[in-house]
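Reading through the structure tokens given below for one structure.
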Amino acid sequence: MNERFNKGMETMRQYVSEEELQQMVSNDALAHIAPDLRKLIVEYAYGDIYSRGELDAKERALVVISTVVTQGAAPQTKTHIKRGLYAGLTEAQIVEAILQLAPYIGFPRVQNALTLASEVFAAQQQNV
Amino acid sequence: MNERFNKGMETMRQYVSEEELQQMVSNDALAHIAPDLRKLIVEYAYGDIYSRGELDAKERALVVISTVVTQGAAPQTKTHIKRGLYAGLTEAQIVEAILQLAPYIGFPRVQNALTLASEVFAAQQQNV
Amino acid sequence: MNERFNKGMETMRQYVSEEELQQMVSNDALAHIAPDLRKLIVEYAYGDIYSRGELDAKERALVVISTVVTQGAAPQTKTHIKRGLYAGLTEAQIVEAILQLAPYIGFPRVQNALTLASEVFAAQQQNV
Amino acid sequence: MNERFNKGMETMRQYVSEEELQQMVSNDALAHIAPDLRKLIVEYAYGDIYSRGELDAKERALVVISTVVTQGAAPQTKTHIKRGLYAGLTEAQIVEAILQLAPYIGFPRVQNALTLASEVFAAQQQNV
Amino acid sequence: MNERFNKGMETMRQYVSEEELQQMVSNDALAHIAPDLRKLIVEYAYGDIYSRGELDAKERALVVISTVVTQGAAPQTKTHIKRGLYAGLTEAQIVEAILQLAPYIGFPRVQNALTLASEVFAAQQQNV
Amino acid sequence: MNERFNKGMETMRQYVSEEELQQMVSNDALAHIAPDLRKLIVEYAYGDIYSRGELDAKERALVVISTVVTQGAAPQTKTHIKRGLYAGLTEAQIVEAILQLAPYIGFPRVQNALTLASEVFAAQQQNV
């Protein structure tokens, strides 16, 4: 592919394992209806944005977890908690970031996010 | 006041100057209709939540900026950008956190937040 | 007009003074681009919905204030606080309803709503 | 525990049965990752906020149902409809409050909330 | 029923098959708790609004798909993708409208909507 | 600049006049804090997304107006109404698209959007 795609793939390696990365690209559930979506995410989100300076991978993961929890986006909350762990955040730091949102977004979205976090943590444990 | 209030005030000192803190408590614009609100924010948000461990003041500021930008909460975006700077984040880090939100919340809220950030940065410059 | 419109106007009299009601209908700022909007609101919102049973005017006003505050809809927050007062809610009850939202929507929207409430309360005082 | 926790538990008794209350505290699904969350909810939401005056338990339940329906928070919509019934609201009043939101939040969230309400009502029937 | 209901039913025929339309009215899952909801939707949404001029059925379907995807309303996203197809939009046009939202609402809601779209498209295929 | 930027600029010419386009690029209010933002919007939003097939400029403008109105994004609502007019939508079509949202997002955001639309229409008239 092109330079931005390669830069995006390189950046994603800070957030997902090589195995997952290959699977994500080769086995895209939406490829039959939106064949460009995966490419757009890799190039734009990871190639253009995540790859920038000033913040490290753990800080970017905190920012992204905060926004998907605030939006109540369930599948993405699980995805980005997983990526945050891979980038080096501890489970305790992720829980703490979600609790820090409580005075700003209220308990409902915080509770739902912590339920999703506990599912991700349990699944990780099983993989060990 | 009580222990939680004192702990909240102590924690707030990581995010606002002593002068601003005194002004906030003594000169509360909502005191005549909701006299308990300021106390609830100091005790609960700062005393119970911000004072917890695992994340430092700069990380908590990043999380809070991300959530208020995601919500499109204009006055709070300005407040928490100011508090983030006081806690030690650089202007470049704050801009970067807001840009990191673009693939997740879209350009409208990112643009509006960067406009507010530029106003905060300009006002800080004048105070120097 | 028709029966639903008349029922809507009748129902609105529980929330706005006769003077305001006449002004609203005769002096509609959006009439030149959307001449049917006012009619749709009177017929559907007030004629079909507000006029139903089971809840009284004060309870409906509490429900509506809660939803516009949750949405962060500023002009409507002011409008429905005014209508709630006219329907018989006290200032203290309205403040209390907004505070009750804090654990569910967080402080930003609560603070912004209380600021708008204090503006409405001040304007009412001047009219006395 | 402390005074605020006890006040919160006392206030919760207006919204949940003793049995449910004990279960909620002793059997907290999120206790292993966020052991303080339940305590924060009891102390802050119920001890500090719900326990205040000016509005009674039924009015507070109406306000809370309105906000969680507006946010589209599914698990909390079910929870607070159940608590509203326990506090003395009738099924018809809860349905009516949700319908009152239609002109303000549109049909999608109203339909989804009524579907959840019908599930809660059916489950209650079976418990009789 | 009345004139608005008939006009609403007539308008709905541009978006749903006769079979589905009859089923929707005769077999309303919410009829036991909110017997007026279906009537309100037919009369107000379809009789008053969809039936207006200036935009054709396909354009209105694009507008409605855009708003329910932006709101993250899952059941309604499926419903209105189905109605858009019935009104004459192609699968490719619907996918394209959802992708056009990406720079404005971010990838999470776009991905979730495309997943729902692929489910609707697959179900349609089976019906052929 | 690069190919995507050029493609983005070319696509934008369907939505803004040459004069406005030059002003937007040469006179970017956020350039001092986020010098890459304008470039990201041109390349990604216009170069990658708006330039795709299946929908024409007027249809894309309808989709974008619907999403920014749904989000309650005020400055962007004005911007994209202006761009929609430039792309060939009539004032009546834009008003109609906003009214079509009423059963899905409620009156508050519809009213606020129509107020912004009337400001854009009035400003256009003066430029004639």
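Odds and ends about this structure:
Note that the chains take the letters A, B, C, D, E and F in the order they are written out, and that residue 1 is the start of every chain.
Operating definition for what follows: a residue touches a chain if its C-beta (ideal position, glycine included) is under 8 Å from a C-beta of that chain, and two chains touch if they have at least 3 such contacts.
In this text the structure is predicted, and so the values were computed from the model without any measurement.
Of all chains, the one whose CA centroid is most distant from that of chain D is F. The interface of E-F is repeated, with over half of its contact pairs matching by residue number, by C-D among C-D, D-F or B-D. Chain pair with the larger contact count among C-E and A-B is A-B, by C-beta pairs in contact.
Relative to chain A, the most remote chain by averaged C-alpha coordinates is C. Averaged Cα coordinates give chain B a centre that lies 31 Å from the centre of chain C. Multi-chain contact residues of chain E, defined as those touching 2 or more other chains: 40-41, 44-45, 68, 71-72, 76, 95, 99, 101-108.
Every residue of chain D that touches chain E in the complex is listed here, in rising order: 72, 91, 95, 98-99, 102, 106-112, 114-115, 117-118, 121.
The touching residues of chain D, counted against chain C in their complex, run 41, 44-45, 49-50, 52-55, 59-60, 62-64, 66-71, 76, 90, 92-93, 95-97, 99-105. For chain D in complex with chain B, the touching residues are 40, 44, 48-49. Interface of chain A with chain C (complex): residues 101-108.
Of all the residues in chain E, the ones that touch chain D in their complex are 29-30, 32-34, 36-37, 40-41, 45, 68, 71-73, 75-76.
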